[in-house]
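Let me give you the structure first, and then I'll get to my questions.
Chain naming follows the written order as A, B and C, and within any one chain the residues start at number 1.
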Amino acid sequence: DQQILDNMHLDKKYHSLGILGARTGAGPQIMAADTAVKATNTEVVDIELPRDTKGGGGHGSLIVFGGDDVSDVRQAVSIALEDVKRTFGDVYGTDAGHLEFQYTARASQAVHKAFGAPLGKAYGLVCGSPAAIGVVMADVAVKTAAVEVLSVASPAHGTSVSNEAMVHITGDSGAVRQAVISAREVGKVLLANLSGTEPKNDFPSYI
Amino acid sequence: DQQILDNMHLDKKYHSLGILGARTGAGPQIMAADTAVKATNTEVVDIELPRDTKGGGGHGSLIVFGGDDVSDVRQAVSIALEDVKRTFGDVYGTDAGHLEFQYTARASQAVHKAFGAPLGKAYGLVCGSPAAIGVVMADVAVKTAAVEVLSVASPAHGTSVSNEAMVHITGDSGAVRQAVISAREVGKVLLANLSGTEPKNDFPSYI
Amino acid sequence: DQQILDNMHLDKKYHSLGILGARTGAGPQIMAADTAVKATNTEVVDIELPRDTKGGGGHGSLIVFGGDDVSDVRQAVSIALEDVKRTFGDVYGTDAGHLEFQYTARASQAVHKAFGAPLGKAYGLVCGSPAAIGVVMADVAVKTAAVEVLSVASPAHGTSVSNEAMVHITGDSGAVRQAVISAREVGKVLLANLSGTEPKNDFPSYI
């Protein structure tokens, strides 16, 4: 409805909108939306990050796709829903916190909009909760490989007061991937020590 | 105490204050406060919405009544506490999310202050968590009946980073009520599908 | 790494940083950090308060120590971690909410930075969740003894949309301590009534 459209805070007005939302997870949904906009004639017109995860320390998500054609938008949502199984592959949780890692060799419009990644360049995300683990991992990531920091987010800056710290990086694709992998190694040890249990991913690692 | 009063962010300074608060729920408490200000010589001087619900996707509430007389304020709190059993009647929950619907034929000062409803006119609230369900229901509500949108709230706009989307509507009382009922029908099906269980209300529906 | 430092929002650039973080608790960690900066050649350069507590109504914390020397910073973190067992002594919880009380006869840089307490003067914190209990306790605290209110925080002001209200007080050390103790007596009764169970602390009370 036009009244709803006018009262939402969308970047552009499209005829057709598709909506993707979750109680748990924002990075995985944004990466999956990136896959979807690459494959369809749509773009992401809104990304909002509630403070959620059902008692966890992170975000949920609300993502709105826009397109001129209903079938394009429907396809975008469908692709994103399917791709989430991949992009949850490097999310590791315990009762004490969680770790998230994302990587793409070529960022598209969703990742650009969400995190400021340069279009067509490699992008990596290193995120940890509680935030202290995220800060240490961010440091490891950037020390390991010659990458460029796009931004650092923490409870008071660039998150919805989540208990996470994260670094968004870009650069040469090999370096970005290596930085993410190194941070993951350290993060899993830190979270395991904090939790007394091994951090587990629900889907196969893709990085 | 005067020092506390001076350091709180109240609209008006009253001699007597009454306080209503909850871990779970904001809409029901605000609607109940509206009933209370209608029935007493008090007004609501502060409404704050923490991000709470004990791990759920919504808000808790802190509502402050002001009046010149202690007994008025006490009565307002008492009426509101009693009326909450009614205003929780159209809150439906599952482990995956929740739905909330409110309706009044005649909005008073609390609903005006909280949501911008015109005084004395009909007001309706359609709210869903996760936010994606709320957006779809908002669209249904406004398409169903000739109502006017006061505002749309979502995780990044008009909520305390909750995982909710909601529409605040006004207009002819019959149309507002019909819009809310139509959204509720759709919302219950969406949340049931998402959850694999039927959304349940803890008190009888009043709309 | 320098890139991480440049992208974090730290007050001062130090050669060495130490990080303290938690899913649950901010006041206890800030008070413990205050003990640590008193005892070492460090200062606190960042305090961030995520909305966390694993489904509870309060905050987690991210605290960054800075120093010119690695061993100083390491010692600060170590002292703070040890002192947290003391500063959790007056945190009382039930399923329905929690109470927190802090007191120091002599506030140092961490408490000054976090809550505006005058350096070297007595400081007291009275905090309750849900926020309604905190407001009542704040009033009791300030009525009981001749103390000065530094600020009142609530879901919409001075918290990360937590479901807490709190008062920060200073003044004569005996008066501050007495105000805190009086609020604690009232708060424990209120929370017990709300919960149907006795509020419990996990560590011995220190106030």
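Some points to look at:
Here is the rule we use: a residue touches a chain if its C-beta (ideal position, glycine included) is under 8 Å from a C-beta of that chain, and two chains touch if they have at least 3 such contacts.
Given the structure is predicted, the values throughout are model-derived calculations rather than measurements.
Shared contacts of chain B and chain C, meaning chains that touch the two of them, come down to A. Residues touching across the chain A and chain B pair largely diverge in numbering: under half of the numbers involved belong to both copies.
The geometric centre of chain A is 32 Å away from that of chain B, both derived from CA atoms. Shown for chain C are the residues that touch two or more other chains, namely 51, 55, 161.
Interface residues of chain A, counted against chain B in their complex, comprise 1, 3-4, 6-9, 19-23, 48-52, 54-55, 60, 62, 64, 160-161. Those residues of chain C whose C-beta lies close enough to touch chain B in the complex are 51, 55-57, 96-97, 129-133, 135-136, 138-139, 142-143, 148-149, 151-152, 154-157, 159, 161-165, 167.
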